[in-house]
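A, B, C and D label the chains in the order they appear, each numbered from 1.
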């Protein structure tokens, strides 16, 4: 079993902000720790807010040129502060947290990354990691319409990109489960997005007998495995913390009805 | 009895910030109400703060060229946010609040304004109002040392300025009560500053039989006379709200032991 | 257009939004800044038989997401209210005017009610048996079922109109207290009054309040208030008025879904004097957006 | 150099700073981020006789300046703790290790204590008679003087070392409960456990927690906690351990001035994992700056 990288708590400065409608991509500069795995997340402090008390868990979207990328969706007072952040603003971050996606060793592994909404965030760093390891993943992203496809250029750099849009304004109309990307054979699937999307992908994989990893987003307080608030029920170990045993789980471990 | 100006609640934007050590002078732009009297104050909302809940009462330092001047001392999380404010930041303000200083009608009225620390703020607008009314007030300001004398140039515009410093680095050494400004005769005195200073000035006035007005700073919640938190005990009416009956009181009304 | 009308034991309110006693003065203090007549009603300051000077300053301390107060029922007494304040506000405001009544003895409560009874615009009283800031502030009555029942029985005999009992949260079982006052004929219960708290000025090494302890209010107490409203609404048949940290429409909806028929906006008015009016408008908008014919459709759905 | 040493009914602590049960795991979870050995001690997760899966998710809701939790005493049971966890942390950490003990019956409590008694590094237990999140979580014991006394009596007979009773704030008189457990031989009381609260997801029209109600903690509850610590410290002779919303040195000093001999840092650790260590350092600095020979000089000065 891999040994976890040492957790650090440090201030990071916003080096660049890319607004994307209700989302924003923050590029943060600071003293990045070693050994960040795709699928891991950070706990970021929201210092100036009347209505938020706890940190916010944000998945690691990418690590590039010594910068930490965080893709944030404006989903409340806390994340709103992040989306509003200005260049130079400083945030206190605890990282790296949790267990990430399995990165296959074999260069010939056929892997599909499926994501939607803010769920595409951890898949970018996974795609990059696979790409750097000599694997060219298939990537299928779902969005409402063409304008809502996030990080398109970045994903194209690291794999074969397939798009599904609800309104058909880009790629294949409909859900990502209907995307022709699925016509191929895969040795592994990684999915992150809205729960219905993850369930749909998981059941396809169950049907085809493909190992499938999902990244969960349960409500979290500490992010360190201490408060036991973010638990998910598992077949072998019962309630486990998503923040430490996850956020990435092999679907076979979970008690999801597919 | 004068009729109070109608209170308004509006957003104001920071047009200019003048840092002064632990103080800052904010020049705010917005839709200023009519009939602001010297000695009145505003209730300003601290929107983005984990540790402050209530508004902060700040005296009106000046109204000039349609701008509201607020002199703020960094005295805690709330006022710290104000001192840190950047040009363009918006704050919600309720104003004008409370009853201010008596502005004598007669152009030949000999009046002394005495202040120290952040207490000089309301005296500037009073000096300006007197000056505009044809009265040239004597103004005595107390400070630790030369560097701590606030708004010197502004005060010089509106009256005869006398300085007292603890270390003698400017004006007369010692407390403002020892300043030669007191050698003259006065028809009225207005004082705002630390309580010991106000008590000292009040007792001089009591001794000389000069009408003396003090501006109080009791802890406040609503600023509207509803919560009854900021009361001061008075001879004729018992506990009254500093936010509505004050903040300016004739010393004869108060139960201070001089 | 959905209806926001609610009925509190005979008292018809145009909407469920009231202002909490001691936080909105007599309405006049806020009239420049918000439309008093947009509210279901206002509950005026705690009124006692004799005038009261209240506690010495300091009476207030800010706390995380809230504040402590120790006003101590400062008011000019019921006779002054009847002679000077009532005529002014009865003429100026069309929304309901409810008087919060406080006392040290049973006779205090009943006598104040008797004197208020003839006033046509006062259709309801809220009996404060839970003031934590006065030794004889009624909290003694409010923390035992017997004490609460005794006050209710006496006041019920002296007050023919709508009777609301304001309950203390500083008890092991607020449900037992609520059942006790219901059994004695209360038309409604309002909860929660402030939680008893304390803050210390570490620098000066002394309490922040002249009374050492005081009443905690504001968003900080909201989860406790929602829980108690939910428990009480399930346990009694009379309408429950919910208060405790309500700052916006979402907060008000939490209390209504927990079982409150009406709500009171208190401390939030110090930060946003328009909070109550905004909530009244917000509840109407919520009903529209969610196709409700009446706000009552979501009452107690938890 | 001032001393921060304090004594809790025989238990010597290098400083008054402890971590609250259920908020700091077994220390290991925080070891990358803060120096566990800089603390007076850690109080490990509520431990029961049999393993417990706890409540279903969602177990947490953020509230103004705080949070609600409904974990429901999830833990692997006392035998697993003794066999797998204790050896690890006893070897790794030099600061005191206190076990929080929870149960549904008197026998649960006593049996867990009997099994822990042989462990040399466990010099104290904190008996949780105030868990609001489990029907049989002991809050039934913690809300009556008889119940609290009964548990104390039984555990006192089974546990020879330092016995700390953790009290519930959801009562009319926490002073009466504290006196009752003191009379039965408790060496110390710790307070406050969480306030029972509730939050509603208005959009989904359902409770935020799977258990509907949960325990409120964080800065929001601090004024209530300071008040109760002050009341209890005046009323009992045994040392009081204060907790409830302590986030920094100033908060800790409030509790000590209110009468606390030691303090526990809980929810604040979720936001700042170094909070407890920073407070231990901050108390030392405070003593230096104020010329105190011992932190005890300011204990209970209010």
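Throughout what follows, a contact is a pair of C-beta atoms (placed from the backbone, for glycine too) under 8 Å apart; a residue touches a chain by one contact, two chains touch by 3 or more.
Values in this document were obtained by computation on a predicted structure and should not be read as measured data.
Peer 1: Starting at subunit B, how many touching-chain steps does it take at least to reach subunit D?
Peer 2: 2
Peer 1: Counting C-beta pairs in contact, pick out the pair of chains that comes out on top.
Peer 2: Pair with the most C-beta pairs in contact: C-D.
Peer 1: Report the inter-chain centroid distance for subunit C and subunit D in whole angstrom, where each centroid is the mean of the CA atoms.
Peer 2: Distance between chain centres: 34 Å.
Peer 1: Let me have the rounded angstrom distance from the C-alpha centre of subunit A over to the C-alpha centre of subunit B, please.
Peer 2: From the centre of subunit A to the centre of subunit B is 54 Å.
Peer 1: Mind checking the centre-to-centre distance between subunit A and subunit C? Centres are C-alpha means, answer in whole Å.
Peer 2: About 47 Å, centre to centre.
Peer 1: Would you pick out the residues of subunit A that each touch at least 2 other chains?
Peer 2: 50, 52-53
Peer 1: Which residue numbers or ranges of subunit D touch two or more of the other chains?
Peer 2: 63-66, 218-219
Peer 1: Once the touch criterion is applied, which pairs of chains come out as touching?
Peer 2: Chain pairs that touch: A-B, A-D, B-C, C-D.
Peer 1: Where on subunit A does subunit D make contact in their complex?
Peer 2: 6-9, 45, 50-55, 94, 218-233, 238-239, 244
Peer 1: Touching subunit C in the complex: which residues of subunit D?
Peer 2: For this pair, the touching residues of subunit D are 63-66, 68, 143-144, 170-172, 195-200, 202, 205-207, 212-213, 216, 218-224, 226-227, 230, 245, 250, 253-254, 257-258, 298, 301-302.
Peer 1: Can you tell me which positions in subunit A touch subunit B when the two form their complex?
Peer 2: These residues of subunit A touch subunit B: 47-50, 52-53, 81.
Peer 1: Can you tell me which positions in subunit D touch subunit A when the two form their complex?
Peer 2: 22-25, 29-30, 32-33, 45, 53-54, 56-67, 69, 71, 74, 218-219, 267, 269-274
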